[in-house]
Amino acid sequence: MMATAIQDKKAALLEARMEIEEFNYAYAETLDAMDVDRWVEYFTDDAFYHVIARDNAESGLPLGLIYCEGKAMMKDRAYALLNTEMFAPRYLHLSITNTRALSIDGKELTAAANYTLIETLVEETSRIQQVGKYRDVFIRDNGKLLLKERICTYDSVMIDNCLVFPV
Amino acid sequence: MMATAIQDKKAALLEARMEIEEFNYAYAETLDAMDVDRWVEYFTDDAFYHVIARDNAESGLPLGLIYCEGKAMMKDRAYALLNTEMFAPRYLHLSITNTRALSIDGKELTAAANYTLIETLVEETSRIQQVGKYRDVFIRDNGKLLLKERICTYDSVMIDNCLVFPV
Amino acid sequence: MMATAIQDKKAALLEARMEIEEFNYAYAETLDAMDVDRWVEYFTDDAFYHVIARDNAESGLPLGLIYCEGKAMMKDRAYALLNTEMFAPRYLHLSITNTRALSIDGKELTAAANYTLIETLVEETSRIQQVGKYRDVFIRDNGKLLLKERICTYDSVMIDNCLVFPV
Amino acid sequence: MDGDNRLTANSDRHNSTDHTWPTDETRIPDWIYTDQSVYEREIDKIFLGRHWNYVGLECEVSKPGNYIRSYVGPFPVILTRDAEGELHVFENRCAHRGVEFCREYRGTADSFICPYHNWTYDLKGNLTAIPFRRGVKGKGGAPKDFDMSDFGLRRFHVATRGGVIFATACDDMESVEEYLGPEICAEFDATFDGTEFKLLGIHRNILPSNWKLYQENLKDPYHATLLHTYLTTFGLFVSSNESNIPTDKTGRHGGLLSRRSDGRPDVSEEDQASMQAFKKTMKLHDPRVLSFFREVNSKWSGSVLTIFPTLTALRQTNILNTRLLVPRGPNEFMMLWTVFGRVDDDDEMTRHRLRQNNIFGPAGFLGIEDNEALKFLQDGVRKAMPREGLAVLGEDDEPTETIITERAIRGMYRYYRDVMEFG
Amino acid sequence: MDGDNRLTANSDRHNSTDHTWPTDETRIPDWIYTDQSVYEREIDKIFLGRHWNYVGLECEVSKPGNYIRSYVGPFPVILTRDAEGELHVFENRCAHRGVEFCREYRGTADSFICPYHNWTYDLKGNLTAIPFRRGVKGKGGAPKDFDMSDFGLRRFHVATRGGVIFATACDDMESVEEYLGPEICAEFDATFDGTEFKLLGIHRNILPSNWKLYQENLKDPYHATLLHTYLTTFGLFVSSNESNIPTDKTGRHGGLLSRRSDGRPDVSEEDQASMQAFKKTMKLHDPRVLSFFREVNSKWSGSVLTIFPTLTALRQTNILNTRLLVPRGPNEFMMLWTVFGRVDDDDEMTRHRLRQNNIFGPAGFLGIEDNEALKFLQDGVRKAMPREGLAVLGEDDEPTETIITERAIRGMYRYYRDVMEFG
Amino acid sequence: MDGDNRLTANSDRHNSTDHTWPTDETRIPDWIYTDQSVYEREIDKIFLGRHWNYVGLECEVSKPGNYIRSYVGPFPVILTRDAEGELHVFENRCAHRGVEFCREYRGTADSFICPYHNWTYDLKGNLTAIPFRRGVKGKGGAPKDFDMSDFGLRRFHVATRGGVIFATACDDMESVEEYLGPEICAEFDATFDGTEFKLLGIHRNILPSNWKLYQENLKDPYHATLLHTYLTTFGLFVSSNESNIPTDKTGRHGGLLSRRSDGRPDVSEEDQASMQAFKKTMKLHDPRVLSFFREVNSKWSGSVLTIFPTLTALRQTNILNTRLLVPRGPNEFMMLWTVFGRVDDDDEMTRHRLRQNNIFGPAGFLGIEDNEALKFLQDGVRKAMPREGLAVLGEDDEPTETIITERAIRGMYRYYRDVMEFG
């Protein structure tokens, strides 16, 4: 590519990263509030949301801790969490760092980020519940970004009891 | 709003976020250096600084772990910490992530962020001392941002011994 | 300085910070992948890479946990890690936050950031292996940033067994 | 009423150091869940005793040279398939200085080389090489009479049935079939029906509770209708489903069998009253999660088997998995959860299983609730003033379709008390 | 001098398994702070013995249906106010399988439903409902003769005074007034004077030290002038303040009473010499923190009461709080710190209290220092070679206004040794 | 072969509560690495017994008033140099209530003031001041007959040799020279040759293994050629290097001495076969790391000394360091690693040492491997079924240049068994 083309690409990716950071920080705040009904709205109708242990992912095993094909499945999970699930009270603190915009192809953006979920239970100190990486595909839907795919690969494969909310 | 107005607002908020990130990162470095005299200078004279446990906040209980009405009280705390307090040597590592600019209204900005304070004591490994969220009101004082209000609501309501320095 | 000059400087530093964030996030992903061969390429040939305990640094003691004078030493470390070292399988999660551009002087940039390395061992939960601060000198080498110096001063001076990969 | 249950300084607070079992069989003492010496006794009497310990599935080590890390009770072992296809289970501890040498979850190898001094073992656990065994320049090395065959890795007896692999330290152990007994073996064979399985993945988690509580949980039909609103609401399991709760004659193994009703569950008003959490109105946006493709020759759409001591096997509609319980002291255990399908599944069937597994697992609608409930339970027995728990529901001679019962729990503890030789 | 205090292999290192109390009452053995068996003995002899255990304030459960999680010694309990306004304290442990069912810091309810099988308890702790008690279709369920009134939650006797709530397992317990004794009760009543209180919030922290060290700390007037430079510098407490240190006749309870001098403290040169940390020059930028609005009928502007075993009550200028010590083994305790005002406080008075609380609490100028000092102290007794600590200052028959004294500490341990039956 | 090493319910699983030492000296029991009571016995018999415990180097406290935190066995102590330049080692625990008062890694002071009540100690550990000792206004304070000289900090006997500082609780201890014995003392003196050292820094880490395993590791020439490919590949240590492994006559101390071959190592085909990790081809991009400036009067370019109980001293080409092992129970120890040069090093020599230290340390090519291997080893003895480890290589009367040997390990445990009085 010519130097200027490279510069343009760099500028576009930087701009995209800024926008995705805005998206991710809003996303995290929605989950910290356990507002899973709104969480669903960060995705396209046909979105694929997958939370997968790094050891399974690296062994080519498809099992997901959470595996949602399409928004409908996410809605069902949101409903179940808010209306049928029994779990201890907890505070969630999801920090998203190292956001990277990797490519832009027309309406489609690919991106990556690190996430760290710190959970605090009643009368316990705060502890790391899960760390992992997002691998994302965004699409731009009249000016607004939506997740078409979010693959959450987590390092914390030995789960401390259970993961209640999505990451 | 018209599309362009929305675009302008988005652009303004993005710019504000960049500026607040600069502010927050400098703020964190000041506290990691335990330079509480300089910490005071991040606030307006009439600023309100409140560190409150999430369980108290959510129960509508006003008690603060730290409760400073105005810079004068912050100065007194800074003086006490540096001149009268006895505590074990420690290293502080305050990371501020997920910074969000929420609104701009003339000179006044509202914002939010996540913070994680990792403390390291002599001959101990590093551990999470406190995680929480900032809810901020900034004002612009000839070009410079100052905190008019910083409410630090912490998840880590079961405090590990004590919190020595502000967050 | 005149107001505009200050504004220009602020703008330049902000732009530099954005660029360094891009650099740091790519750097972190390279290390999380344990791709130390590529890690070496983030540095200039004469770069100085130093990982030093905060207690040594603050006592003026020069001993480094890792001490590399020039890229050649880094290459040797990379080779040793990938070809001769025995260590348990692990997952690395390096998050870099609070990136700050501190000064710009011609081709040379100084910067700082916080880093947090979370390590996950087989059948163990994720834990903080090391937190610390980068003090960096970047140079611009036809459009591309390279590290001329990265001093990693870590708070976690009581190391949990050993540090296998650079930070 | 006031004055009842008044706690007094001399009300029943058992000294957890004197371990006499309550005479009333409906009472279960706290100390079996929290006492370190009881835990150590379990190691000898149970995990190294006359029992078959589940260690893995054949589909996890399908090819010669495949191995996985596994456990017998709390002891780390390696499960291998050697070049001849034979399965072996041996300790993950070097015979030299004691290194736990295998640190990978799974892999393929033709030998294991201990990292410390490179002593080498074959896939049967035999010691096959010692570096510098003859020394250097004739100096040093192992004694002339050193016989490597005396220093292999201690191995367990191995047996398989339907692709499920068991190990034991007992030399004159009966067959798995006899061990399971006819009632449970029949249900075991219904799930592990001889077709070849395909590994879909592993869930791993640490539960802060005693390993026996998990077996209890899956022998407890009572909680399913009350804790798991998700199940009841969608008729995967309600009190009106046709059910059966067989146990083997010793009481150590059990089954929780249910037949899914078609369409909306029929739950009587009276039963709904008992189920405070019952929700009539919930409807799935994506009902595929619950679709059921009949794949086994059994009337039961749901089969949960609890095989003493540390295996649970689940077949729920099209979910297939096993869970291995790995004790880590009295107050904690690790769970390795192996999810599988069949080799002849097409992609859509595989995706169907993956979708359906959302219901279970450590982030599944049932997994969350069971794990949380067991944590609360361990907190109770660990922190509260000692008190005997109750297992009073149902009768020991009741018809096995009775579901409001704790018969299977009582049965397990009758066997447990016996094998642990508690007076 | 060299040669003194020479450590020798046979110098006093007590075997912490033989618990004989030193004959010299000014010596305090290490093992009462670190030994597990001593801790377990405290549970029987102290927390479940003839003592009133503080569990909360009426303003925390002001309305019918209000409840909070609390503790009696290490045992989780629930404090409730029932529909009739009566207070109850009972175990937080289900009578069925043992679940710690209440996981919320506070709330309002008309019953407690255990999440595992939905057994239901009323606000008195009575078992009121068992789902499917009669089984389903006549099959299963609880035995015909199962009497729910036999399986309520074990409850403690409750008493209140001045809005402070106590619980005991002792059946023939004396009144709180008798328990406190006249000297301490008078000061208790001065703070808890019958006006209605308003909850301002709770501080929670974990201290890595033995619970008794906290009681010691607040019975120790000596440290206040030396550790807490903040206090001394601003004349909240200096050796020249008028003070009094009453104890009850058993020695288990104590008070630390002080009268604030107006303006700058008068500290003699000689005393300043003793206080290496003394700072003459410090001036507050915002003196409101120290303003004192007289609100109680007492000559004492500062009153710290240590009520055995686990309550401390603080009234310092306009700061009002209680602290509940929750032991978690010998080396750790949890502190629940209840800060309150009065219902008739106006907003400015509330803000004043909130500002003033900056001085105390886990991030307060005193809280930081006390918590750090106690951590260092536990580190010492836990890690160092065993050695007896000293409590040599003052005399047991000294005038109670003596402040350079450890009389109250000696008194507490005289009682402790006695009730613990240490030879 | 199958049938060998068959684990059976009654195969050797030692009850770790009965501590009888194996009769075969080539067998080492697990329980010395994992048993709490054995650990407590080590405190009395070893760390407070007739041994010199390393506490630091003179270059760490080079000036009057300098001090560092250190340890004798698990006990926190302070090492000071007083105004007269004399060295002192005393407990870090206040004689008053027991506070661990010194929390700084290092510093300079003329006294230590305990934060709790400001009791003050001089650099010899003498109690020199008690605030308000005479009370206030004649009230309170210490008893008239209170003699501060009775309440200093308990101190250890101190000895130094070649700038290395040792402490003991034994009153009639022999000299360091006698303690080391002629063979080891000679090598000790070769490294600590009387020149003045310069502190370069400290590495600190926690190893999840028993402290004795670290001594073993450095008495084990066998692992060096096999685990540390880095060493072998660059000829810092290969089986063909000239080597010597002396021990003192008791067997407790040892040396691992080697002479670096020039250029590429000469490794016979046969030996390479034994070294699966051997890499012929590796070449350094920056060979400065391995440059060797001869600085001591010794034929050995590499000298690792293991001084019982808790010192290891390393001289490897131009790397100089000592390691202090601080036990923290049977399963963990802390390592304080002091790296130094010589006062007359120029900047380039200092940089050379810093570069070379990349090879060692907790992120060094050897440090990583040893720490990982010892972690795996402790995992093995802690988690696996009890089994005796082997130390069978070499013979006790072999020539000391033999390197494929575990003679030094056997020697240490012969002494250990003896001093621990194990039957």
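For the reader, a short list of remarks on this structure follows.
Order of writing sets the chain letters: A, B, C, D, E and F. Residues in each chain are counted from 1.
By definition in this document, a contact is a pair of C-beta atoms (placed from the backbone, for glycine too) under 8 Å apart; a residue touches a chain by one contact, two chains touch by 3 or more.
The structure displayed is predicted, hence computed values, not measured ones.
Between chain C and chain F, the least number of touch steps comes to 1.
The chains touching chain D as well as chain E are A, F.
Between the Cα centres of chain C and chain E there is a gap of 48 Å.
Look at where the CA atoms of chain E average out and do the same for chain F: the two points lie 44 Å apart. For the pair chain B and chain C, the distance between mean C-alpha positions equals 26 Å. For chain F, the set of residues touching two or more other chains reads 103, 105, 115, 204, 206, 227, 277, 334, 369, 372-373, 376. For chain B, the set of residues touching two or more other chains reads 86, 88, 95, 97, 123, 125, 128, 157-158, 160.
Interchain contacts give a graph that is no line, ring or star and is not complete, per the touch definition above.
Two chains count as a pair here when they touch; such pairs are A-B, A-C, A-D, A-E, B-C, B-E, B-F, C-D, C-F, D-E, D-F, E-F. Of all residues in chain F, those touching chain D in their complex are 1-2, 4-9, 11, 13, 28, 30, 216, 222-223, 225-227, 239-240, 271, 274-277, 369, 372-373, 376-377, 379-381, 383-385, 387, 389-395, 398-399, 401-405. Chain C contributes residues 3, 6-7, 13-14, 17, 54, 95, 97-100, 112, 114, 116, 128, 130-133, 155-158, 160 to its touches with chain B in the complex.
On the side of chain A, the complex with chain B involves touching residues 18-19, 22, 24-26, 28-29, 32, 91-93, 95-97, 118, 120, 123-128, 143. Touching chain B in their complex are the following residues of chain F: 69, 103-105, 115, 204, 206, 334. Residues 51-53, 55-56, 59, 61-73, 75-77, 79-80, 83-88, 157-164 of chain C touch chain F in their complex.
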